[in-house]
Structure formats: structure tokens, C-alpha cells
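Next up is a structure, given as C-alpha cells.
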């Protein structure tokens, strides 16, 4: 068989592990020919691709990034391109296409799948916000990197009697904040799913100091917001180049806590470090299994699905279900963390 | 309520995270009193314990080992002690006991539970061999440590044209070898569940060299054995102090491969490094959730169960089911690794 | 003998290792009594201290932070306190005082030493800006943390065709930026010691893109500034709480590069993660040696000195020399990095 | 100019960083042509080489191993080859050769240098046993890996009341054992430079247990030996394939301690994990500086030297001095570790 593979959207540790696994399973076990499209959907739409052999994926299992490159494509651009992509795919004689990507990519994949292309998607998101799969690769690495940073910040906060307000990735969901916060023993966690009550956050920190503790760690997902009209909250402004100048949640929350508590509070914004670099062993295993099962799905003709981890099994789930809703943190998970405000 | 907690068996990263979580959930949320038994079952049988307060678990979340200590107790010793343990537990006014341990510990827990003690077990094993739970804490850390070591060995093997035979933990099951082997891209993996064929292992390595590759990584679980009568295999002998002198699988397999291939092959035995130290973020989250749910189970009177991860949920599973069978690597998982012999 | 020890100034990985070493060498080898002053100079000025035994330093070697706490004290406060400190020190019967701290702390130490107190200082700075010692503990950890982050960012930048502008610690000197930038292979490094030429930075990045490279990593020390009147540069403004709102070098430089190059450029500000947490092996060895030699110096009566690493030896250097000048990056070191602008 | 570079001897983290630096400095700054000899001296003797461009060293800075390969060559083979190497080097029009290697390699380099070849050596050894340079790259990585393993083992030993005897690399010198032992707070360290007294080792451990401590960590360099006739010590035997069957120091010492103390003692042999994989930031900076200065030395015609770190400077030292004596651990360094037996 002839199978195309592409990576689309933001970086995510484990992309290369999926690519490698597709090539290993396809070429070595089935005798398939694997084609890699360059720079995500663009490669498919503009016909930019190259053959992927066992040699071309040698040594990439533990490497961050993606050897195929990745760009974001406007949905409108993609919508117009379905027919072209189909034609192009037929000309190439492709029996299957494996796009690896997040919510946006899978929506695009569904569009193409509905348009008749033989698609098996592999879900990717450091944010853990894709439904139908227990988790995807990238999330464990992001949580690990964030946890290591929190571990480091904790000793500093403790010795120097300080509140640290740490902003982690998560615009729409608080999964990374929840898991890293639990793993590092944060004293408060705020997430996009529920607007935080600044009084309660302040109270939690104040009580710690009252009990003789000398520091506190507050973890925020970048999309967290206060309840309306409970504290001064800045909208973004624009700088001289027209760039949005956005004051993040950690910066605003630390100022407010400093003001209310009369204690030094420092924002730390961890940023892109969370979404790059070598994947954890967990993510490498999951990514490898996803790649393997995606090739199997192509061979079985099970198109219009994504690979999904359910318990310890990799199952196939319809693309339509995967993109229906964002997976948010359920209420009962907050309770376990004790500290989500 | 008054709840006892103990840790038993070998070391496992995450034990302290469970203890901390039991104390946090019990003391801070329910107003419980938590008692820690020292050195595993011995503390319960001999009445050695101490109160665990929020202060006594401060700062232990990320620490390896167990603040309660742990020893192995002979089952016979325990069998004789059921009545005594029960009496002791009543004298202390305990509403629940949470033993944290592996297969042996959970068998002991079942004995005491059948004898009428209010037990909720928390499964612990770096080996991932406990049934009914997708995984337990400790395993992810063990796999991570092993994977990091394999990553390091790989570059050396490659530059120096060598076969590395790496022995990982796993006397009865090959989970660590399978996952670390997949994560690091091992070229052959041998596990206790299926005796290996030395011809096939040799062939896999020889083919690599024939294809121009300059090295190979063979991963063995410590309990792996060859098919009978296929290669010279040494039983343990005894040294002058009566200690068993055991020649491990990596040592024997590397000698045999060197002999058959005429290439330098080196054994590396990773050992106890895999079972100690700070837990990964994954294991800390799982351990914290287990502790939380164990306290809930005591409050609900759901005795005779263990906490278990199933998908993304923590459920309660009867102790009897948990200890019925060892969870071994199923055949279909070998295929995904491509390389299990 | 009776020896006091204190830690002062910002956090620095290795502080606990020095404290432990002072106690081990003093108590175990010399039979000394060691007293720990709490929260830096404040403990000495206000008489807040506690005995340090072998037990009180058990397990702290690898821990970040300082078990003694640390605060910053106003120099004027300290100047007024010399007589009081001296009286207090005599009342306690101290034969020596070992302050562990950075430039500010060592200046204070000199003040007290000149005032007649028996001081042996231990230099501490993640910034590597103390003269007379090849390096101090904390720097290697800061560089390691920064390098790991750069490694992670590099794969993301590469796959996503982006310029990453990474701000590392260093208000007055560019040592962390220089070393982490060399270690991670940054494409441009800007440091406080030489105002950068924005044209040249832009040119270096543009040339990379022209050569077909798809990304660039620019490392900035937080104190780096452009040559005057070469680009728009914002001074800090003040927000509604009177906090300075400071737009850092990475934020401003990334906007400017984006504007000039027409390529996506992202700022990453690593922040306090660099100055906390478990020290590297290198820093633990150096900190341990410093503590050991500080005790020896007290026993020899070599007051008014600091411990200093020179080559592989720990020597004593007069306090006056240590605080005379800040150690900046010499010109010839830039050449080795190839890329300092 | 035309410059050849080769790597020889065992693996050492940082080899690729030197190669990359030689190419960057040579090609980008001087317009040199760089040639890489394959598999160490063999490449020079047998004429196997390839051009090294900026592209061929892209991305290798943080990679373990060596892209040039490495083999060990018999000195006799090399001695016979001097004339041939010289001829070959002249045919290629080489202005300089930069061999990167350990003691054996530098001895070979001296042979060729004395024979008239234009050699500038770069010292490499994880063992830190090369004289005239404060340290070489590879050592810091080895110590870091060993220290991390010791950190992990410590919590296990503590919780399970056990003596851990950990064997680290170092056949002739105890540097890795000394530094990792100091960094991790080992309770006894034994090194090849001074035969250990088993009574004293036993006493140190016994005293710990007597003081109520529940564990001990003993670190041994692999070349450590007991004082003659103080304990049973096995010489190597030979197995059925003629391989030497060597019972290492950790295995023998743990048996003996178990016997003498009546406490469980476990050997851990860390092995090759110490000499492979990604180099620490420290080693990458040092390796990069060595490569840079080696190219400068060639351009200055300073042949017959090696690059050496002295304090914070990279100086040139005659090859003859570098190979005169092995650098062993001096007596005063033992005192600082408190625990060397």
C-alpha cells in the first residue's frame, strides 16, 4: 500500500515517534510505501512531499519537533482545497492518509474524510482536550516539564517567603495546570473551566501564612479568568507595531495577591518550554502505539477514524465524535486536587 | 474517623505521595485522625505507630522511599497474627486500614480483610503486574529511568560498534522491558512470559549489521530465559558465604551473542536505580488520586477493595480479584514493539 | 570552637550543601558547635538563631533553598548594626562567622569584618559575577536549567519556522546567557556588557533564513540593551498599584525582529526557575568544598577572607579583593561563542 | 587551511561538540576545509575520511557518541603506520590534524607528532585522569549521571534499611567516585589510589547503624582493591567461552559487608550508562572551547600540544607533559570528602 503522513498544528513531543512508527510498521512489516507531506496540510494541498524510508526515520524516536515540518492552514483555504487534495491523492495512488494533529487538524481531517479521502487521524495535543481518547501524547511531557519547574520554584519560594504565581499552558482547558499542580503540590490552581474567586485564592494563601508557612505556589492555566467584576482585569492593548500586548493571568494575579496580602508575589510564565523537546517515555510509547494502529486501520480500510487510548487499549473512534466537544476538566477531578479555586 | 496507613514490600516511587494524600484528604477535608504504622505489617503486628499530621507529610510528595519504612513479613508470621492485628486495631479504635503494597502485601491484606479487618488496599508495583488496574504508580518512574539509561547507551553503542544487552527489572513479567524498549527503540526485547529463541535474537542483530548498522540494543527483563536446550544456561551457584551467585540474563546473553556474532557485546545491569528516587509527575498524580480515593472508600465503608485506575477513573475493585492472577504482557502488545523475540 | 553560619540574598542552588558541609566538618571532625542564624543578617542583628547538629542537616545536601532562610537587609540598617552584631557575637562566644552570599552580602561581610568581627565569607551567585573565584556554586545549575530549556525550544522553533528570543538571568553580566547559549548552540547572544546592534542581530537571523535554515534562537541576558537610538526601547511604566511594569528585553527584541524580518518571533522569559531547586553535582561538590574550607579558615584564624575556586584548588582571598569589581565577560570569551552580537 | 579531525578511544559525552566547534571555527570563521577521519586512527591509517561542512555538524552539539566513529588501535599497528600516515597526510595536503582522545590516543598523537605530523590534540576522558588540564569534557556528565543514580538509590536504601554498594567507573583513578560520592553524600568511598581497609569500611557503616541510621551508601571505583590479605578477594576466572568472568568490587564488597554486619547489602554496578548520552551544559561549553582553541593552535602552527583548561583559560600544553603521568586523586582531596577509606 501507499500511505501518506503529515503533521499539522503546534509543536508536541512525540510527533516524530508517530512518524517513525508509521514507517516501521508500514515499510518493515507490511511492505508499504510511506510518503511524508511537508509542512502539514500545505504539503498535501501544494503537492510537496518526500518518500519516508527506514533510514529517514532513523534516530528520531526521542527527538522533539517533526521532521516533516508543520504549519497552520486557514480552514477556508482547506475547504477550497478538498477537491484538489482528492485529485492529488488519487494521482499519487494513496491508499490512506494519516494526519497527526490537534483539534483544528482533526476538524480539517473530518472535512477531507467527508469529501471522500481515506483518512485515519492520530490525535495530538499537549492540552489533553481531545475527547474520546483518555489522553494523547505530548501531555505527559508538558506536565513533566511544568512539574520540574514547579519543584524548582518551590524551594526558592520557601526560602524567600514569597508567593509564586506560575502560568502554565492551557487556553481553554486546565489539564496541564491540574496535573502539574497536583504533582508538585500547588496550594491553589486556577483553570479556564471555572472563573476564579480572587477572595478565595487570597484566603487560601493567607491561611497558609497564618499557619506559619512561609510561601505559597499558585498555578494558573493561561486561559484562567476571575469571576466578573471581582478584581481589576486588563484586556489586551496594542503596541506601536500593532502587536497585541497581553498581560497574562500570572502577572495580573500576582499583582493582585501582592496588593491584598502585603507579601511579595512573583509571576513566572513557563511558555513554550512545555511544548517542545524530547518526549517522556510515556509519550514515546503512546505515540509509537498510535502510529502502529493507524497503519493497521489503513490496512483494514477503517477510514474516518482516529486512534484513541481507552484504558490500556488503542481503539478506533469516529472522527466526528473526536471533534464534537472539547474535553474539559470534570468537576470531580477538582476535588482530588483539593486546591482548585 | 481514625485511619491507619502502612507501606509494605520493596521500594516504589510514589509511596510518600500516597501517604501525604491520605493525610491531606483525611485530616484537612474530613477531620480524620491518621496513624502511620512503622515498617509495614510489622508496625501493625507489633504495635509500632505514630500519628501523621499535615506537618509530618510536608515536603514528601516528591521524595522517594517511604517515611513509614517498610519490611517484608513472612506470610506465616502474618497468618498467625490476624487475631492479634484485629485486637490491636480495635484497641486503637481504627475505622479503616490502608495498606500500600504489591502483590504480596495485597495477599496479606486479603487475609486480614477476610479475618474481619476494615481494609482498603492501594496497589503498588514498579512491575505493573497487578491485575484489575490499568497501571500503578512506580511503573512510569521505572520505565522513565530505564529509558533514560537506554538513550545514553544507544549513542555509545552506535559510535563504538557494539551490541549492548541491558537487563531491566521484571522477574515474572516483562512490562518494564517492553515499555522502556519501545520508548528507546530497542532492537530486540526478551521477556519472562515467552522463553526466547537465541537463534532469532542472533538473527535480528546479525541482519542489522548486514544492513550496515553498526550497533544493536537488546533489552531483557531479568526473569527472561531461553527456550530449553537452545543455549548453554547456567543455574546459580553458591559462594563461600552461602550467597547465591547468580549469573544474570544480560551477562549470559551478551556472552552468547558475542560468541555467535563475533562482535563485542556488553551487559549492563541497571538494578535498583529503577525502583527508587523521586517519582515522575505521572506517578505523583496517580499516587495522590489513589490516596484520596482510599480515604473516600473508608468513609463509605467499602472494605475489602483496592483502588484501581481504569481508563481515567479511579474505581474500587475487590481484593480477591486483584490478587487472583499476575498481569502478564498480552501477545498483541508484543507485535506493537515489533521486536519482541 | 563555636561558629555561626548564615545565608543571605537571593536563592541559589547549593546553599544547603554549604551549610551541611560546615556542620559536618565542624561538628564531626573538629568537635565544633555550629549555630545557624535565621533569615540572613537579620538573624545576626536581631539575635535569632538555632543550633545546627548533624541531624539538622541530614538529607539537605541535594535540596534547593536554604534551611536557614534568607532576607535582604538594607545596607544602612547593617551599618548601624555593626556594634550590636559585635556585642551579640561576643555574648554568644562565637569564634567565627561564615556568611554565605553574593556581592551585597560580601560587602556587608566586609563591613563587619572591618568592624572587628571574625568573618570568613563563602561566595554565592548564580550570575558568576564575583571576582577572584573562577566560579561559584549555583551558576552551573542555572546554566544547566537554561540549557535544558533552550534544547526544548530549539526543536519547536525548527519545526515551526520561528525565531525564539529567550531571556535568561543576568542584570549586570551575561555569563549565564554566554554559557547556556554556547551549550545550546544559540545563533545570537546579547549581554549587558556590550549594547547590541539591532541591525547586526537582524542580519545574523536573516542570513540563517537565507541559507535555508528555518529557525533561529536568540539568547538575551535580562540586562541587555540596544545601542542608544538604534531601535525603539521602552522604559518601565507604572501600573495602578504602583508596581513597575517592565517590558523585558526578550519581549521588545522579539517584536522588533518580527517587524524587521517578517517572521514569527516569540519571547520566552525563563525567570526564577533558573535559581531554585536541586543543585547539579558540580555545584554540590563546589559548595561542599567551600563549606569545608571555610571551617578550616576559621580554625586557622584567617578572617576577612572568602573561599575561592582557583583552578582545582580552594584558596582564601581577601574580602576587599572579592568585592572590588564585578566580574564581567571578557571580550575574548565572546569570540569563542561566535555569535555574541 | 585544510585540517583533519578524528575521535579515538571509548565513548565520552562531548565528542560531537568538539567536532562541531572545529568545523564552525574552521569553516565559518577561517574559511578552512575540514576533513573527518572515520573510526579514529584507522581512518588516518587506512585513508577513510569525508569532508565536514557546516551542514554535516548541524544538530550534533547535544548528541552523545561521535559522528566520526571510533575504534581502538593497537599501538604496534600505529607505530608501523607513522610513515604511511605522514605520506597520507601530505597527499591530502593537511595543515593540521586534531585527534580527540584519552591517554592512549594522546600517546599515539605524540608518536605521530614526534614523527613530524602537525598535531594538536584535544584531551578526552570521563575519568579525569589526564594531567595538565584541570578537567576534560565527559567527566562532568559521568559524575552527573552517577550522582543522579546515587540520589535514587539513597531513598530506597533509607526506606528498606540496607547497605548499597555502588560501583562507578574508574579503573586507575577514583575521580568519578570521589565527586559523585561527595555530591550525593556517600558514607564511604573507596578508590584505586589507596587500597581500602575492610575493617574501617565496616566500622563506618556499623557506627551509622549504631547511631540509629537505617542505611548506608558505599561508593567504589571499579579499580578499588582491599589492602592485601585483609579479606577474601577473588581473581577473575574464565568461562566456557574463554571470557574472563570478573567479580567486581561492589559484588565482593557487598558480600563481605553483609557477612560482617549481618545487614542486607546490595551491589549496584552502574556501568556504561556513565559514559554515553547527551553531555551536560558544562561539558558542552568545555568541548566547544577546546575545539575552537585547537583550530586556533593549528593556525598559529603550535603543533605538538594539547588544549588544556587551566582556571578559566584554555591554554596549550606540550603533548609530552600531558601523557607523562596519570592524574590521580591527591591526598588532600580525600579529607574534604570526609569518608574516603
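Going by the order they are written in, the chains are A, B, C and D; count residues from 1 in each one.
In this section, a residue touches a chain if its C-beta (ideal position, glycine included) is under 8 Å from a C-beta of that chain, and two chains touch if they have at least 3 such contacts.
Computed from a prediction, not measured in an experiment: that's the story for all the values here.
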item: Chain located farthest away, centre of subunit D as origin (C-alpha); value: A
item: Distance between the centres, which are taken as Cα means, of subunit C and subunit B, whole angstrom; value: 41
item: Distance from the mean Cα position of subunit C to that of subunit A, given in whole angstrom; value: 34
item: Mean-CA-position distance for subunit B and subunit A (Å); value: 30
item: Of all residues in subunit C, the ones touching two or more other chains; value: 148, 151
item: Chains touching one another, given as label pairs in label order; value: A-B, A-C, B-D, C-D
item: Of all residues in subunit A, those that touch subunit B in their complex; value: 20, 24-25, 28-29, 61-62, 134-135, 140, 143-144, 146-148, 151, 179-180, 182-185, 280-282, 284-285, 288-289, 292-293, 310-312, 335-336, 338
item: Subunit C-facing residues of subunit A, complex; value: 7, 10-11, 15, 63-66, 69-71, 145, 148-149, 151-161, 164, 214, 232, 239-241, 243, 255, 258-259, 266, 268-273, 275-278
